[in-house]
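After the structure tokens below, expect a handful of questions from me.
For reference, chains read A, B, C and D in written order, and residue numbers begin at 1 within each chain.
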Amino acid sequence: MKNRCYCKILDNIEIAPSIHKIEMERVDGLGNIKPGQFLHIKCSDALLLRRPISISYAEKDKVGIVVRKAGEGTVSLCNRKKGEILDVLGPLGNGFTVNDGKRVIVIGGGIGTAPLLELVKNLEEKDVTVLVGYKDMPYLVDDFKKYVKVVDVATEDGSVGYKGYVTDLLKAKLENDGADIIYSCGPEVMLKKVQKIAKEYKVKVQLSIEERMACGVGACLVCTCKVKSEDGVKQVRTCKDGPVFWGDEVMLGE
Amino acid sequence: MSVDLNGLVLNNPVTVASGTFGFGREYGEYIDLNKIGAIAVKGLTLEERQGNPTPRVVETPMGMLNSVGLQNPGVDYFIKEELPYLSSYDTKIIANINGNTIYEYCKLAEKLSNTAVDALELNISCPNVKEGGVAFGRDPDMVYKVTKKVKENTDKYLIVKLSPNVADIKEIGASAESGGANCLSLINTLIGMGIDIEKQKPILARGIGGLSGPAVKPVAVRMVYEVSKAVNIPIIGMGGIMNYQDAVEFFLAGAWTVAVGTANFVNPMVSIEILEGIEEYLKRKGYSSIKALVGQLKF
Amino acid sequence: MSVDLNGLVLNNPVTVASGTFGFGREYGEYIDLNKIGAIAVKGLTLEERQGNPTPRVVETPMGMLNSVGLQNPGVDYFIKEELPYLSSYDTKIIANINGNTIYEYCKLAEKLSNTAVDALELNISCPNVKEGGVAFGRDPDMVYKVTKKVKENTDKYLIVKLSPNVADIKEIGASAESGGANCLSLINTLIGMGIDIEKQKPILARGIGGLSGPAVKPVAVRMVYEVSKAVNIPIIGMGGIMNYQDAVEFFLAGAWTVAVGTANFVNPMVSIEILEGIEEYLKRKGYSSIKALVGQLKF
Amino acid sequence: MKNRCYCKILDNIEIAPSIHKIEMERVDGLGNIKPGQFLHIKCSDALLLRRPISISYAEKDKVGIVVRKAGEGTVSLCNRKKGEILDVLGPLGNGFTVNDGKRVIVIGGGIGTAPLLELVKNLEEKDVTVLVGYKDMPYLVDDFKKYVKVVDVATEDGSVGYKGYVTDLLKAKLENDGADIIYSCGPEVMLKKVQKIAKEYKVKVQLSIEERMACGVGACLVCTCKVKSEDGVKQVRTCKDGPVFWGDEVMLGE
């Protein structure tokens, strides 16, 4: 039977303004972890619901998450201290499908870069390009560099790397080299562009999307999104059937 | 710790609330469903329903608003694809049914009559559908009428689920009793709204939603108390139950059984923990059965 | 940031709710009362009232139940001993009045008519008195009648305070408007109950009480939104406002002014902090007046 | 103008099972402190209302409270750590009247002994007897001994000092030596006995009582109790007009 887990916080550091990397014990209850899966975390006693946070990396005895202070829940989470115990449910969700194709592009925007770290760790045999975009201050770039040679950075203000959107880099890469598959996570506007570009270049793409959640396990139906399939449009649950969907199926923001 | 709701006998008095437990599969990975008194399944309609657009949830102070809007695969699909799974467990199955008209309610009852479901729960209180729903739940005559008609169309044990969005819930409960309800369940959600002040629009795509969770518990306990004084049929109490202490409040107020809703989202194991807590409480206080506790409020 | 409630002009749109601010003296030690838009005083009755026995308060998840039961020194004492103190401040004074009969409401209005109070607030919704109170607030005809009669007996600006314990608050608001109300205030408290499971009795001596605080905010915002669509008079919005963000939700939903209640108990300075927050929000969003924000919900 | 204060926790130690002594910074905003006054403390973000806790002792730059874990609020308070900031309102309430009489008996029960410490510190010129009663484990006894010679302890189980109720000691003391005034704080049953005994021996008595509170400053009227006076029974506010009342006036549990 699955269970909720109590994981001790091993470390909590601010890696960029308002961005924390939190490392916790990997207790046995967590079981296997696939890249793209998330934890559903009770951030504070003062908040009723859990918050979905992607697993950024998993090692033998620890699990790392990267959290952006977005509101009350994530602020509380970022304020939790080393030694405190986190109440987590998971790993939840489907995760990325990693066995498709050789030439891979991994493209992330902002906090959406977090889950891609565990993904690239699982793409060792492949020919991987990582494209990451940020508003201003990049983070996790060095972590990506541990696993892949090509990590191209874009910032909107041009402070680091290419000045502009990371999707421009995607377009250029596809134009020059092509790819077999694209994996992406980031804000909805970015995912929509990635989806469109992938279609244009006829490359398969997996998108990890976000939706407000309550249960996180597929029971409450508050997190649905729409996917197109042969028998028409179907509603699926982001938490259980996702958060990763094929780009030619998922209907973003509809 | 079995409890006999005048004809519907549950293994124990901890059930789960409609819409918070799907059709059981998901939480079946976390707990042994045989250990739950009954499972009220997600609200069913005659046809498949897509429900409301997202966002469908807002967190509020110690509560949440939902506007799922009765997304469900339709009653036929339920009977064919979900009921067999549920029936494999030693727990009672409550089919929560939702119509826009009395005819639809009757049709739903008919379809479920020769199936393995143990009881029907007439949801006359869902705030998330545009027609029918709420209007039914607010008008005592309509409540009487729909209850009576459905009762005529089924042999199943009939639960009527009451809306808290009324001036006098005693009156509504009494109408359902007169109409032939075997049992009442309450409360459904209070209608609420949450606003995103940066975007200056409601957070829920549909604007309003149903408030559940600890925030509503004081209202729910009061309503269960009021209704229990006004009717002679069993009550399933719910609204914000997070732990055994909350559950005991409902029993003391007059509920024969409790249902756990929103708490499942926070802790998938909570219903079992609540059951264990109640068992200990009964032992500690020297009660030989849950029935002995029901309505024992000194007041 | 003054706001004109169609005749009653407040220095700013942050007021304090009746029963949560006494007669101003206590919080006058913490904040400059000149900085508050208006002070609604503790509910007044014709005669002095002792109120309910204690315990009168229960904390609930992000809320509280109170059963003060309109303890007050009576309207004559108020006029003689409390009003002069309040009048020394540059803020509007709202006298919250409570009767058991229409006659009593009229008598109260009469007594207050030639005094320094700026407005009357007809509380037809207090859940903590046995007669009158709630019954008035639930019946549209009664609401119309009591409003009309009181209006005939006074020249004062008349606010009618609505109960949330109704099925359709739009209807009640509209009745008050037809009766001649200049303004509506909402919500009063939801009726709730809390039980001590060890003693097996209600925590409040009186059993039930009025629920206030953040827990009720989603319900309050929804009701303000609904009523604002149904009437053409100003609305004073309240229910769980703890910070400026909450206040802005009410403005967007259609409140012309907000009232801060339970939050005062947590932070005596909160009303001033809320006012400052609103000022910054207006500036940040480019509004030149609070009025420009009212009802601007995009939905 | 009065204000709420943010006081850093300087120390938090468990002085008996479920009893914590918490020392906090005495910030300027707190102003003067009279014995018997209390602080209204925000114990946790997850709870709406403050909790009234007596000032146990006040020094030049610190204030001490002694807290018994009674429920969610006090448990949270006892779990607060050194270095954290407490949001407090106060000092609130009237406090004890210390200028009456020479021969003084101070009698406390359980956690009701806490505020009496600051009281005895302010009775230096007097002839003071301290009587303290507990269920089993006594606490604060050594602190009292710093200021007064006679500190008699009673425990219900007889584990320390006299076996029985502390009110038995009061009776004996009055029988043998008499007194000019009694000050008392403790559970209601004890206060009722003290009130009765004081009446019997015709000794003035001040009782510090407890009532559930919301505002703590006198505005909400949830904390009223009844006092008899010449013009009949009057309702007063425990938080503002109390928590200390004269024994011949206050009507306990009515």
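Throughout what follows, contacts are C-beta pairs under 8 Å (C-beta built on N, C-alpha and C of every residue); 3 or more make two chains touch, one makes a residue touch a chain.
All values reported here derive from a predicted model rather than from experimental measurement.
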Starting at chain A, fewest touch steps before arriving at chain C: 2
Chain B-chain D separation of Cα centroids, rounded to whole Å: 47
Averaged-CA centre spacing for the pair chain D and chain A, given as whole angstrom: 55
Approximate Å spacing (C-alpha centroids) for the pair chain C, chain D: 36
Residue list for chain B, restricted to those that touch at least two other chains: 58, 62-63, 213-214
Residue list for chain D, restricted to those that touch at least two other chains: none
Touch-based graph of the chains, sorted into line, ring, star, complete or other: ring
Residues of chain B that touch chain A when the two form their complex: 19-22, 25-27, 29-32, 42, 50-51, 54-59, 62-64, 66, 68, 71, 213-214, 262, 264-269
Of chain A, residues touching chain D in the complex: 44-46
Residue numbers on chain B that touch chain C, as the complex places them: 58, 60-63, 65, 138, 165-168, 190-195, 197, 199-202, 207-208, 211, 213-219, 221-222, 225, 240, 245, 248-249, 252-253, 281, 296-299
Residues on chain A engaged by chain B in the complex (per definition of touch): 1-4, 42, 47-50, 89, 211-225, 235, 240
